[in-house]
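Heads up, the next two complexes both have chain A, just with different partners, chain B and then chain C.
Presenting the complex of A and B:
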């Protein structure tokens, strides 16, 4: 068993698997970060992902082009999140209840659309898949090669986006303005920042990335779509934002930790069959709870997170 | 006071309206009692289009209804807390047969069946039997044994794998049969089992398959994890020396290169059998176990990749059918 665990091939494939599992979580968590930095808590990520996965799959299937699917999935995410945006920003109703509404509405709408188009099928429909990048010589380097040079394009996109997001929030003036909206919207408003507009942009970004994360599942990770394919990933992403302390670096580590423990538990199921799989399947969640417990992140949350805003209020 | 009386009025109107509707339904049934149309309903706790278990069950019901001239209906995504209410509803509506596709419905069926003696219930993979309840099941151990013998014959690495969804009784029966089947034809081969811990997470099935290839170099895969099986097949499609045995319907046309064959589970036969019993008035108080001889299980088309083992395998299948090859029911 020890030979297996420490072989180069084992380690390489473990890390590969980690990145595959992490990619959708990271994209969606970044989306939620854009939301919460402007004070918009959206627990409807799972619903938006489902909608993105469905629209992405259908469009990818029709156009036979997974890229079109990804674009459509992202836009569908923006579109459905505008329901949440209008009721929470313009009508100032509760964010949690609206997020919950998305989680109920979006999967139902997805099922409806999918069955309208494909009918009730017993076999899963096979669509197109966005192939992984393969850079000849470089990707043959042990461990590092496949890890750095043999990934899905969207995986690269997710990590590049994470870096850009970190720069945006910490090093640029628009980024600081954006954060001000989540910390103290009234002060931001007096400085000439259009809070309402900013909040709409924030929910747009959240929808875009959550939709993209969903579409990744049905056009990159897999070429098939099954109802329930999102399987709670939206909630994992949501917790990754808290666990990551509303910082990009923390969020990357949080999603990587989840991806890694998930990849590890699947391998342990086969090399250590004596351990009941139920215990191993808990591992990613236990790790997340454990890390949350150790981090004491509550003080890092944007101060006006989750609060409705109105110019007239005093 | 005024508000309250308005509310009372509203409630009364609603009650009156619903009574009218129920009355109409009753009247309709009375009118065409000359030629009774039998009705069956399926209650699913997930989507009926999940591409796996519930799809196969739904299809089976539709197929059986077409053969026997029944009307169908279904409720899907029913939460556990609503099981009894949903069964009761179909009892109220006067359905002749209610189809519960899984052992998890047993308790709810028992409860609802007691109040509606004129409605019959079938529980797939169940154990409950009553005056108006039958349990029906495909022989899961035989399914596993059929898959196991083919996997054992085909494997080049002597490592075969089974991917399950969750550790439920039918799955454990299949695993038990699978292990016996592998051992029957190839005592040197080793069986690895992984669970996706979900019935809907297709991506998890893909990761599970890749992890079985990395850790054990498994080359023949049998999937019983519903949506996860689709992910497993996608993972295997990237290789040219890994194969799968499909279930519960013939999936050769979807992945012709990697599919050896399919173990087909004909739910239409299973459900049709119960429909006939209802029509003949012989329904109730038994468990029906369907295998090869009952035509509930069948072997599908063979893929090109199975050419080297096909003949030997069909001999084993015939052996199981005529009883010369036997296996144990340990679970």
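Presenting the complex of A and C:
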């Protein structure tokens, strides 16, 4: 057993699968970061992911093109998040309650659409999966090969996006303006920033990335669709934003940690059949709680996070 | 002059009713959009819920667990806490009740029933204590922690019914003994005495929240934790206790569902009850009685939806969409009435009625 664990091949595939399972978490956590940096807490990520996964799967299945599925899933995420946006930004109702409403509405809509298209069926329907990149020679390097040169295109996209997001928020003028909306919306408004518009854009970004993360699950990771495919990943991504202290670097590390835990438990399910898989499957959830316990970063949150905004209020 | 409390209640009730009607209308549009006759579909839904005494009994069976999880949500929310983990607490309550009732206690009968209910409530309380304590003393986000614990509870239950507590080779636990099951109330219907427990808890929660000093303090913490702290209330302790009680209500619900309806643990037990409870609590305007009524409405929709699906082929998911739309409408409507412009109009109208 120990030989298996410490073999180079095992380590290589473990790290490779870490990135595979980190991808959706990273995408969705980045989406939530775009939201919260403009003061919009969205606990409906799980719901948006479910919707993205369903629409992505159905469109990918119809067009036999997983890329179309990913695009459709992302747009579906934007669309459903506009309910949240209108209710919280324009009507100024509570963000938490609206997030909750998405978590209930999106799965219901998803089940409805899926059954409408495929009928009530118990058998798993297989869709086309977006193939991984395979760079010859380089991907044969032990450990680093599979880690860096044999990944899904969306995995590369997620990490590139993380870098771009870090640059945007820290090095650009529009990025600083954007952050001002989440910190001091009133001051931002006096500087000529259209706070309401920015909040809509932020919510759109959040929906886009959460929808993409969901669609990744059904069109890149699983290739099939089943109810409950998201399995709390939205909440783990939400935790990653807190654990990562609302910074891209922290968020990447947090999602990698959660992804690693998930990859480890998935591997252990195959090499350690003695331990019931249900016990192993608890690990990512427990690790997330443990991580939140060790680091409580709430002081780093954007100051106007979660608060409604109105130009008229004083 | 009408009292402002009375006005408030009328406002809240009308918001709920308008939201429900609006959502039913949306449901009609969805049914029509898939080419079905709305009147026939809703007709089957009503017949499925009220067509005979068995159907009516079934609505009560379905309402029972929802009342518990909705009360759990109301209780914690009144203390300013979002307990999104009622599903996990419900499951842990049922797990503990099943284990105690079937495996541990050497005797059956009413004593077994009562002890199992008690242990179920305690287990739910322990499961609720985790996010409560982490929130109160460590500042962790209680919503995230309680939700993550739902997954842990579901997996733990799955481990038990497909491992140590598995009955033969079927992934489920053994059924509780016949003389332990909650009494059936109606010949030919599954309705059981658990509904009385649920209603009893609703009355207790109402009494506690609105008629006792402790209940008042809890609501003060919920409305303004800083003022509560300044006035010397032990806010942290109260937050943790509110979570424990909320978990106990959900856990008792799980034990009741086990002893009254499902009799055993199996895949899907308790699934969705936690979020449904939160939704019901919100639509019920966070009042125990309102929540109880909305829980019954949800149960009616669900019982009827099964008949509708069998008769017309329209999936029960339509009803789930209707339920979700009710919350969105209720939240939006409450927000609209709070907008400054709308508030002024509403106040003018009230004055018009009074004159």
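FYI, the second predicted complex is superposed on the first by the 298 of 314 C-alpha atoms of A that agree within 3 Å, B and C clash if a C-alpha of one lies under 4 Å from a C-alpha of the other, contacts with A are read in each partner's own complex, and residues count from 1 in each chain.
Throughout what follows, a contact is a pair of C-beta atoms (placed from the backbone, for glycine too) under 8 Å apart; a residue touches a chain by one contact, two chains touch by 3 or more.
On a predicted model such as this, the values are computed, not experimentally measured, just so you know.
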| item | value |
| --- | --- |
| Fit-or-clash call for chain B and chain C when the two complexes are aligned on chain A | clash |
| Touched partner set for A:59, first chain B, second chain C, both or neither | neither |
| First (chain B), second (chain C), both or neither touched by A:100 | second |
| First, second, both or neither for A:115, with chain B first and chain C second | both |
| First, second, both or neither for A:217, with chain B first and chain C second | first |
| Which of chain B and chain C A:286 touches, first, second, both or neither | second |
| Touched partner set for A:83, first chain B, second chain C, both or neither | second |
| Touching partner for A:10 - first (chain B), second (chain C), both, neither | first |
| Touched partner set for A:20, first chain B, second chain C, both or neither | first |
| Contacts of A:242 with chain B and chain C, given as first, second, both or neither | second |
| Overlapping segment of chain C (options 130-138, 166-174 or 202-210) - the one that collides with chain B in the superposed model | 166-174 |
| Chain B/chain C common contact set on chain A | 111, 115, 120, 231, 278, 281 |
| Contact footprint of chain A on chain B as seen in their complex | 46-52, 55-56, 58-59, 161, 167, 192-195, 197-204, 206-208, 210-212, 214-216, 227, 230-231, 234, 249, 251, 254 |
| Chain A residues touching chain B - in the complex, by the definition given at the top | 4, 9-10, 13-14, 17, 20-21, 111, 114-115, 120-124, 126, 129, 217, 221-224, 226-229, 231, 262-263, 266-267, 269-271, 273, 277-278, 281 |
| In the complex with chain A, residue positions of chain C that touch it | 30, 34, 82, 84, 134, 138-141, 143-145, 147-152, 155-156, 158-159, 162-163, 275-276, 278-279, 282, 315, 317-318, 320-321, 323-325, 327-328, 331-332, 334-336, 338-340 |
| In the complex, chain A residues that touch chain C | 43, 83, 87, 91-94, 96-98, 100-101, 103-105, 107-109, 111-112, 115-116, 120, 231-232, 235-236, 238-239, 242, 276, 278-279, 281-282, 285-286, 288-289, 292-293, 296, 298, 312 |
